[in-house]
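Shared between the two complexes below is chain A, which has chain B as its partner in the first and chain C in the second.
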Partner chain A sequence: MSPVISTTTDQDALLRAGIDRSLRHPVMFFLTSGAAWLAVSIFLGVISSAKVHSPGFLSSCEWLTYGRVFPAHINALVYGWGMQAAFAVIIWLMARLSRKECTSVGTILVAGHVWNIGVGLGIVGILSGYGTGMPWMEFPGFAWPVLLVSYFAILIWSFIQFRVRPEGHVYISQWYILAAMIWFPWIFITANTLLYCMPGHPVMGAGINAWYKSALIFLFFTPVALGTAYYLAPKVTGRPVFSYSLAKLGFWSLAIIAPWAGMQKLVGAPIPFFLPYVGAAATALLFIPACAAGVNIIRTMLSCRETLEVSPALRFTMAGIAALIVLALAAVLLNLPGSTLPLTQFSLSGYGFDILALYGFFSLVMFGATYFIVPRVTRREWLSRRLIKMHFLFSVYGTIFVALVALFGGLQQGVGQEAWKEPWATAADSAFPYAVTITFAWSLILFSNIFFFIHLTLMWLRLGRRSSHPTLLVSAHGPNPYGEEGDIDNAGPGHATAH
Partner chain B sequence: MSLRTFILGLSASFGVAWLAIIVVPFFKMRDLAPIQLSEAMDGTTGVFFPKRSGRVADGAKVYAENGCYLCHTQVVRPTYAGNDMYRPDWAGLATDADRGDTRRETNAYDFFGEKFAQIGVMRLGPDLSNLGRRVETIHAPGGDPAGWLYRHLYQPRGNPQLWKSTCPPLPFLFVKREIKSSPSADAVRVDAAGEHEWVPGSDAKALVSYLLSLKKDQKAPASLNFAPKKASGAP
Partner chain C sequence: MSLSKQKPDLEDSINVTEAHGRLVREAAACSREKRLAANGSEPISLWVLAACGFVALIAGGILGGGGKLLAYGSTFRPGYVRDPAPGAAAQGAQPKEALAAYMAKGAKIYSAKCQGCHGPDAKGDGANFPSLAASKWVIGETERFAMIILNGLQGPISTGKSYGAGMASQGAGLSPEDLAGVMTYVRNNFGNSTGDVISAEMAKAAMGISDARTKKGQQATADELAADHLKALPGEALDPKMMVDPITLAPTAAPKP
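Moving on, here comes the complex of A and B:
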C-alpha cells in the first residue's frame, strides 16, 4: 500500500468519523424516541386489536374505547415511529453520501423535540375525544402545522448538504431520499390544506384522504426504505449494485406510478368514475418499481452470502425487501376491479396491507439501518447478538401473520360480506379468526420491540461494547472473522479504516 | 443529471397526477351543480335536494371522534362494485308500505351538511347509509327508534339478537343521575335500588339524532340512477 493511498484512506476515515460524531445526538434522539413511540403504538395496537374480538375488554374507560385507541395506534406508528426513523436515516445517509458534517445539531434537536411534543399532544387529543375522523389524519387540527414546520427545520439541512456537496456522482440512495424529502411536504400540505382549510365536497375529501394514505406509504416510506437498502446492501457486502439501469427504472417508475394510486378504496362511492380505476391500476402497477428495486437489492446482497448470514443489518434489510415483494404481489392481487377489489375494499386486508408496508417492509429496513448506523455514531458495538436475534425472529413471525391476514383474511371476510343472501352476522363472524390473528401478531411484535428499545437505549447511554469487533450473528464460540478481539479505543488513527 | 433537472422531473411526474386526480376533481366537485328534475324522466320538475333533518353537524363530530368510521361504512356501492344493493335493508327498504322498493345507490348529494364523508375503511359492522330508516321500520317499528339506539350504544350485546356483536359499548356517552320521582323515558339503565339512572348525555343525543338522519333512500333523479325502472307498460 503506497503512503499516498494510505493518507487518503485515513482522511476518508477521519471525515466519516467526523460526520458520525456530529450526528450522534440527532440520530440517536430520533431513533430512540421513534422506538419509544413504536412500543407505545404496538401496545395500543394490541389493546385495539383485542377489542375487535372481545369488545368488553377495557370498555369502561372512555380514553380506551376502540374508536380512539385504534387511531392513536396508527398515528403513533406513522408519525411517532415511521417519520422519526426516517428522519434519523435521512440525515445520516445524506451527510455520509454528500460528505458533509452536520452543522445544525441544535436546530435539529429542538425541532425534533417540537415534533415529539406535536405527536404526543396529537395522541392525547385523539384519546381524549378530539380526533378528526379522517384516517391517518386524526390528530386535532393544531398538530399538522406544528409537524410541518418541524419537518422543514429537521430536513432542510440535508437538502443544503446535498446542494453544497463536492461535485461528483449522485448515488441512487440520494435520488430516493431527495425525492422523499420533496414529496412528503407536497403530499402533506395538499391533503391538510384541502381537508382543513378549504371547504370542498365531502366525498372528494374522503378521496383525498385515501390518496394521502397511499401516497405517504409509496412516496415517503417506500423511497426512504429503498434508499436505505440501496445504501446498506453494497456497503455491507462490499460489492457494487447489481444493475444501475434497473435501479433507475425502479426509481422513475415509482415516481411516475405512485402518485396516481390510492383512490381505489372509493370504488362505488360517488366520485368521478375514473378516480378509483386509475387508483386500482396504479396500485397494481406498483409491482414494477417494487420488483425492480427489490430484485436489484436482493441480487446485490446475494453476491456475498457469507456476510448476509452474519450481518444483522443485512438480515433485517433482506427480510424487509422480501416483505416489499409480498406487498407488491398483494397490491396486484387485492386490487383487481370486478373480482378482488369488491371483496377487499372494506375488509381487514386494508389494515393488513398498511401494516405490511409500514412494519413488514419499512420498519424492518429501518431496523437494519439502525443496526448499521448506531455502532458508528456511538462508537460502541451492540451488546448482545441474542437480543438482535430475538428482535429479528419475533418481528418476522409477526409480519408473516400480518401478511396472512392481509392476503387471506381480507378475501375470506370479503366473501362473507358479498354473500348477500346470508345475514350480516355471518360476514361479521368470518372476520373473527383473523382479528384474533392480528392480536397474536401484535403481541409477537410488541415482545420483539421491547428488546429493541432497551438495547437501543443502552447504546445511546454509550453502554455498548468497547470493541473493534462488530456484533455479528455467529455462534458465540466459533472463530471470529475479524480475528482476535480488541478495544476500539486502542486501535489508534491508523486503524480507523475498519469502518 | 443536475439537481434542477431532477426536481423538474419529479415535479412533472408528481404534478401531472396531482393536478389530474386531486386539484381538478376537488374544484370540480366543490361546485357540483344541483340536478334539475325533468318532467319526462322523473315525472316531476324542480331541483333534486335530499332532505335531511337532525343534528347532522354535531352528530357527525361525535361519530368521528369516537371512531365509528373504523368499522362502519356509509356507502351503498352500485352493483358493479359490490353486492350492497341486494341486501334487503342496506340500500333502503325492499318492501316499503308506501313507496315499494326504495333501494338505491349512494349519490354525491347524500352527504349534505357533513364536512367529510365517512365512506369508511372497513365493514366489521353493517353499512349505516340507511340506519335511520332501518331502525325506524325494522328494529323498533312503531316504537321508540331513539331509545333503541341509546340502548344499543350503551351496551350493544344487551340486545339478545345481537349477543355476538363486536360493537364497542360507549357507556361514557351516558350520564348517571339521581332519580327524583320516576325514571326518565330515555334511561338506559336503572340501578337495583331504583335510586340512580343512566340517561343519554349531550354527545349521545347528537349522535343518535345524526344516526336517525341516515335515510339515503329518497327517490334519486333518473340521471343519477344506475338502473332506472321502466314505467309499467313501456317497451
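Moving on, here comes the complex of A and C:
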C-alpha cells in the first residue's frame, strides 16, 4: 500500500478518531458487561443442560432446579448479552455513519447501569422462584418497564444523531439499525402490555408470547446483526457491497415477512387456526431476506479473500452469516405442518433454533464487530492472536454442536414423543446422547468466552498493545506482512497500513 | 516513497509530516481504515431468485395445507388431531375399583353440600354442627344415616343434646349415585372405615323409603329414626374391589385388562 494520504483523509481519520474517543466508555461498558452476562448465561446453560441427561445433578438446591436455571440461562443470554452487545454496536455504528460525536455519554452510562441492575434483579427473581413462566419474558413483572425506560435512554441519542446527520446517502446498515431501534419498542411494548396489563385468554397469551420470541429474533437481533455485517464486510475489505438491489430486496422482505412469523408454535391449539399456518409459512419465507442478505455479504467478503483469511472481524462475520443461511434452511425444514412441525413443538429443536439464531448468527457477528470496534475506541490493539483464534474455533464448533445437535436430536425426540403408545421415557431416552453432547459443547463455549471477557476487560483498561499493527490471524511461523508482532509504538511516519 | 518527499498543496506553516505522524500514532486503527465504497450494482443473480421462488412455493404449500384458513368454526385443520387407537374410543374411561370410584364421587358431593357446616375435616364445631368422625349415626345403621341426609334432623338426640336449629334436608338434587357416593365417602373417611360401599340400588331404595315417610317434607327426629329406620338399607353392599365405570358408577362387564 502506498502511503499517499491527503489532508482530507487525515481530517476524516481525525473525525472518526474523535467519534470513537467519545464512545469509548459506553461501548466498552456494554461489551464488557455483555460478555460477563454471556459467561453467566452459558454457565447456567451448562447446568440446565446437564439436568436434561442427569436429573439428579444439583437437585438438592432449590434455586438451581431446571425450571429456574433454564429460564435464567435464556434471559441472561437475551437481555444480558444480546441486547447489550446490540446497544454497543448500534451506538457506535450510528455515530460513525451519521458522523456525529456522542454528547450524552453520562446518560447512556447511567441508563446502562440501570439496565444491568434490571437484568440482575430479574435473574435473581427467576432463580428465587418469581419467574413468570412465559418464555423469554420470565423476569418478574417489575423488570420490563425498567428495561424499556433504560432502552430509550440509551438509544434515543442514536435517533437524534441520525436526525441531525449531514445531508446525503443513507447507508444500508443505517436502514437495518434504524428499523431495529424502532421495531424493538414496538414488539416489547405490545407483548408486555398485552400479557401484563390487559391479559386476555391464556391460550392467546401463549400465542402472543411465541410471536414475541420470534419477533425479537427476526425484528431485532437479525437486523442489528445484518446491519453490522453490511458495515464490516465492505469496510474491512474496501470493496463495494456486491449488489444494492439485493440489499433492498433483503431489507424490505424482512420488514414485510418477519412480523407474521411466530405463532406456528401453537399449531393444534385452540386459537383461530389461520394464525399458526400463517406463522409457519412466514417463518419459511424468512429464507428470502436471509438468503438475499447472506449472499450479498458473503459475495462482498469473498471479493477480497486475503483479507478474509487474516481479519478476525471478517472471519467471525463470515461464520455468523453462514449460521444465518443454516438458520434459514432450518426455518423452512422445521415448519412443514404435515411432517416436521409437530416434532419440533415440544422437543429440543426449538432450543436449537433459538441458539442457532442467538449464538450462531447474532453473537458471532457481534464478536466480529467487537474485534473491529474495540481497537478503535481504546486505541490499543488486541493482546493475543491465540485468544482470538481459540474464541473463534470454540464458538464455531460449539455452535455446530449445540445448535445442530439440538435441532436434529430434537427431531429424534419428537419422533419418540409421537410414538405415543410407547412410554414417555423412550422419548426422553432418544434425546439422551444429544443432551450429553450439548452439555459438552456449552462447556467449550463457556471456556472460550471466559477468556473473551478477560481479553475485553484488559482492552478496556487500555492494557492492549500500543502499536499501529492490527492483531491479525496469521500463522505464527509464516511471514507477517505487517512486521514483527509486538512492535511497540512503531508508528513512525509512513507506516500506516491499510487493514 | 516516503511521506517526507511529498509536496502537499498546503500553506507552509503546517508540518504535514508531523501532523500525520501524530495521527498515525494516536489513531492508528482509524487512519488505516478503508472508506466505505459506493454500493455495487450487480443484478440479483438468477440462482438467488430461483432459490427464493422455490421457498415461496413451499411456503404457499404450507399455507394452502391449512385448508379454509378463515373458518372460525373449528380451531384446527380437519385431520390434524390423530385418530384414537383401534378400540380406544369404545372403551371410554378406564374402570376403577368400586370403593375408589364411589369415594371420588362422594368427595365432590361432600365439598358441595356438607363441608360448609361439618367442615373439611368433618369435626363440626361441637355446638351447632356435630362431628361425623366415629359417630354411630354415620357408621351405624345405613337407613338411619340415609334418612338424616335426605330429610335433615332436628331436636334433641339420644344424649339429650340439641344442635342449634337442626340440620336442613339435603335431598334436593341428589341422584341415587350421589347419595351412595357421599354415604360411602363419609363412612370411609375422616377416621371412619366401615369398608363397605353403599350401592346405587341401596341409595335408590333409601329415596323410596324417604318418600313414603308419614311426616314427609319435615325434618326427621331422633324418636322417628329410632322407631322406623334403625336398620340396614335393603339391597347388597358392593364388593369394594369390583370394577366400575368412574363416571356412571355402573359395574363394567370386563375385568381390568
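The rule is short, and it goes like this: the second predicted complex is superposed on the first by the 471 of 499 C-alpha atoms of A that agree within 3 Å, B and C clash if a C-alpha of one lies under 4 Å from a C-alpha of the other, contacts with A are read in each partner's own complex, and residues count from 1 in each chain.
We take it that a contact is a pair of C-beta atoms (placed from the backbone, for glycine too) under 8 Å apart; a residue touches a chain by one contact, two chains touch by 3 or more.
Being a predicted model, the structure only gives us computed values, none of them experimental.
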Partner chain(s) touched by A:A281 [first = chain B, second = chain C, both, neither]: second
Partner chain in contact with A:F43 - chain B first, chain C second, else both or neither: neither
Which of chain B and chain C A:Y397 touches, first, second, both or neither: neither
Contacts of A:V332 with chain B and chain C, given as first, second, both or neither: second
Partner chain in contact with A:P272 - chain B first, chain C second, else both or neither: both
Partner chain in contact with A:S245 - chain B first, chain C second, else both or neither: second
First, second, both or neither for A:F440, with chain B first and chain C second: neither
Touching both chain C and chain B, counted on chain A across the two superposed complexes: 267-272, 278, 337-338, 421
Chain C-facing residues of chain A, complex: 2-7, 9-10, 12-14, 16-17, 20, 171-172, 231, 234-247, 249, 267-274, 277-278, 280-282, 284-285, 287-288, 291-292, 295, 299-300, 332, 335-338, 375-376, 379, 381, 421, 467-468, 470, 489, 491-499
Residue ranges of chain A touching chain B (in the complex, touch as defined): 51-53, 55-56, 59-62, 65-68, 70-71, 129-135, 162-163, 170, 175, 178-179, 182-183, 186, 190, 194-195, 199-209, 211, 219, 252, 255-256, 259-260, 263, 265-272, 275, 278-279, 337-338, 341-342, 345-348, 350-351, 417-421, 424-425, 427-429, 431-432, 435
Footprint of chain A on chain C - complex, ascending: 1-4, 6, 8, 10, 16-17, 19-21, 23-45, 48, 51-52, 55-56, 58-60, 62-63, 65-66, 69-72, 74-77, 80-81, 85
Sites on chain B touched by chain A in the complex: 1, 3, 6-7, 9-10, 13-14, 16-18, 21-22, 25-30, 32, 60-61, 63-71, 73, 75, 77-78, 80-84, 86-87, 105-108, 110-111, 114-126, 156-157, 164-172
